[in-house]
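Here is the structure we will look at, set down as structure tokens.
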């Protein structure tokens, strides 16, 4: 990129920053207030925590597509992973704190379970629980207690997209009743919990997979 | 000035910083880092602006959770491509545009 | 809130997601059969939806039963319906082609990565486009844009050679920068109006806050980047020209149309005011795209690169409609007809390029010598697709350009009509360059690889459809009269 | 007033760590700055009464993304050639 173009980018960025700051400082408070709507419909959502209600009920369709994005990224990443033969031998060197890992991982798994269970009525839920499970796998890997993944077998592939397929199955069943993702109020809590359990497992595997399919092979202890 | 407004302003500044970084920095890993800054800036603006009157709005919270997962998915894919490119050609930058054909 | 009619629209999203996931679990063999069955079903559903739309009018589906602004609405009107139809038709043909194309003996080094991962990635791509056409919610559209971008990048990169990976990375970074800008636009809109539902947002007015104007600018630029309008086209030729042929066909025929559709949708609706004020700008950039893309296509050494630059040029026509949009609907009809006929013709053209590549093992235009005698069907298909791109009667491309010139003359803006005619001449030059080379005699006749008939005839079918579209085009355009459901 | 001062300081820290992520010469330092940025983001989400996002940011934004980036930097440095520049 030549100097003139770089200067133009810097200048444009400065101008954009100025305009954006001026625009948001001058912005009046909007007329529509979604929080009141969320609060009004919370009792019919099947959960009591507003964020979970938005994430899995009011805007559950976003979440369905988002899980697809994650699964898709993993498929795209797997298409890039073959060059194991291009990689060099597993790197030697000291593993990172295996003792800490042995203590930390059971704690992480327990907290994932807690986050999943409590997501219905306080902060937490499938995303955080899945992320914590994935973090546990990463810690195990860094401590040389868990190998990097190579090509996934069929059962692992099923685990990776199982949460998405379960979510789709629930969506399809509800759509067959007339409306996409319309949870009957008396079943909403149960169905949302079912979806969240599937998502926790799959999100954990997917997020861990993003790391473990990509990571350096490390020799196990 | 409320907390929300402070973070909304910080958010747009982060966005502009990240966008400029994506355009100006040649190393692909820097571009990926810059993208993450840009994304965080947009998330911060979304929540901060919605809560500039001091109230709490769960709708943007759910949107940002979605956005964070999308961002990590994109980052992982970008890193996979970068590592593949590096393994095949030793490059960590994109070739100049004029060299494509 | 919902129609008494059993609603088929959401299945157009659920079905491809489901077969994408299952194809990933089952692998490429069964995955391909599943994808074909799923896409055939989607095509039937889309036809049924179009018939319902014609008799009952526009459709709205409140996901979760909540309705905007709390929930997400899906909406179908004539414009989105035509795009949905195009998507299912082209995807179905390309998938039949792809199943025969991705065999173990594919000669062009696309490798196993492309074969193993094509079906799940293509399923996600199709789901993303259908979801985009159906969505009436700005944030939901953001998610569909990310799904679309990542699927397209994954498909470009799946071949796995350095050129493809490099092109995919450039595409990914452009796509992410654009999505980020779009998302900031959504944040500003939510901050201004407290909702992201298209039906609940006020149309932009002269006294709208500065934040809304900035949001319009950010989202508009984001969508132009993703649509590769000149001068944002730089990422497209390496990505579309370097990907395996079925992928190029999907990307050039469909993916860039999806973001164009969204640009048009928001430009006609939410940001109409801004659109009117600077409508000449897309037209000007479109004209530049036509000349620059055609010029590069004339100079390209590789056939797929030529076809990719042709896409840059043909996208330009889509943006000529913006200065001409008027209540008579001529320009809108022209734009939709151009999107449809280019979609069919460009998919066919990339598919013929894939046949040449498989047979000769090479992709240079110069290597086409003698192709006329050996691959008459494929060359004929290329020629028919070329007829559409040039805009010769009776093709769909002719109808599109006719409508565009009509709109320009009706409004006395003859300059745009001149651009259309000049662009057609340039297109003729690069199409004839290929055809003439194919008829050139050659002493050296390298051994021919056998080519499955399926490859030749699917390309031919799409090319023929792009020409025949001109004969029935006005009937297709009747769909555009179906307005949105209130 | 105290809390607003905290917000302003945190905002400055966010911008500083972001700048450092892009401007520092060494890639590993850049990634470390980015992880620091992620942890500061966790604080910002807490200040915005968004504990759900704070949890996700800590686990995904700073944690997993940071681990991915560090692993990749190691990979890129392992076969570093004279032509590259950090």
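Chains here go by letter, A, B, C and D, matching the order in which they are written, and residues are numbered from 1 within each.
Everything below uses one rule, namely that a residue touches a chain if its C-beta (ideal position, glycine included) is under 8 Å from a C-beta of that chain, and two chains touch if they have at least 3 such contacts.
Not measured: the values here are computed from a predicted model.
*Asks:* According to the touch definition, list the chains common to the neighbour sets of chain B and chain C.
*Replies:* In this structure, the chains that contact chain C and also chain B are A.
*Asks:* Return the chain whose centre of C-alpha atoms lies at maximal distance from the corresponding centre of chain B.
*Replies:* C
*Asks:* Which chains, taken as a pair, are joined by the highest number of C-beta contacts?
*Replies:* Pair with the most C-beta pairs in contact: A-C.
*Asks:* Using mean C-alpha positions as chain centres, tell me how far chain A is from chain C in Å, no decimals.
*Replies:* 30
*Asks:* In whole angstrom, what separates the CA-based centres of chain A and chain D?
*Replies:* The answer is 19 Å.
*Asks:* Can you work out the whole-Å distance between the CA centroids of chain C and chain D?
*Replies:* 37
*Asks:* Give, as an integer number of Å, the spacing between the C-alpha centres of chain B and chain A.
*Replies:* 17
*Asks:* Indicate the residues of chain B shared as contacts by at least two other chains.
*Replies:* In chain B, the residues touching two or more other chains are 8-9, 12-13, 15, 17-19, 23, 45, 49, 52, 56, 61, 63, 65-66, 69-70, 72-74, 76-77, 79, 81-84, 87-88, 91.
*Asks:* Where does chain D touch two or more other chains at once, residue-wise?
*Replies:* 52, 56, 60, 64, 68, 72, 75 - these are the residues of chain D that touch more than one other chain.
*Asks:* Give the residues of chain A touching no fewer than two other chains, as numbers and ranges.
*Replies:* In chain A, 20, 24, 27, 34, 38, 51, 58-59, 62, 66, 69, 72-73, 76, 80, 127, 207, 210-211, 214 touch at least two other chains.
*Asks:* Mind listing each pair of touching chains for me?
*Replies:* The complete list of chain pairs in contact reads A-B, A-C, A-D, B-C, B-D.
*Asks:* Give every residue of chain C touching chain B within the complex, in rising order.
*Replies:* Those in contact with chain B are residues 139, 143, 146, 150, 153-154, 157, 160-162, 165-166, 168-170, 172-173, 176-177, 180-181, 183-184, 186-188, 190-191, 194, 234, 237-238, 241, 296, 300-302, 305.
*Asks:* Using the touch definition from the top, list the residues of chain B that touch chain C in their complex.
*Replies:* These residues of chain B touch chain C: 8, 11-12, 15, 18-19, 22-23, 28, 31, 35, 38-39, 41-42, 45-46, 49-50, 52, 60, 63, 66-67, 70, 73-74, 77-78, 81-82, 84-85, 88-89, 91, 94-95, 97, 100-101.
*Asks:* Which residues, counting only chain A, touch chain B once they are in their complex?
*Replies:* On the chain A side, the touching residues are 1, 6, 9-10, 13, 16-17, 20-21, 24-25, 27, 29, 34-35, 38, 50-51, 53-55, 58-59, 62-63, 66, 69-70, 72-74, 76-77, 80-81, 83, 86-87, 127, 203, 207, 210-211, 214.
*Asks:* Which bits of chain D are touching chain B when the two form their complex?
*Replies:* Chain D reaches chain B through residues 3-4, 7-8, 11, 14-15, 18-19, 21-22, 27, 30-31, 34, 37, 41, 44-45, 47-50, 52-53, 56-57, 60-61, 64-65, 68-69, 72-73, 75-76, 79, 81, 83-86.
*Asks:* So in the complex, which bits of chain A are touching chain D?
*Replies:* 51, 88, 91, 115, 123-125, 127-128, 131-132, 134-135, 138, 142, 207, 210-211, 214-216
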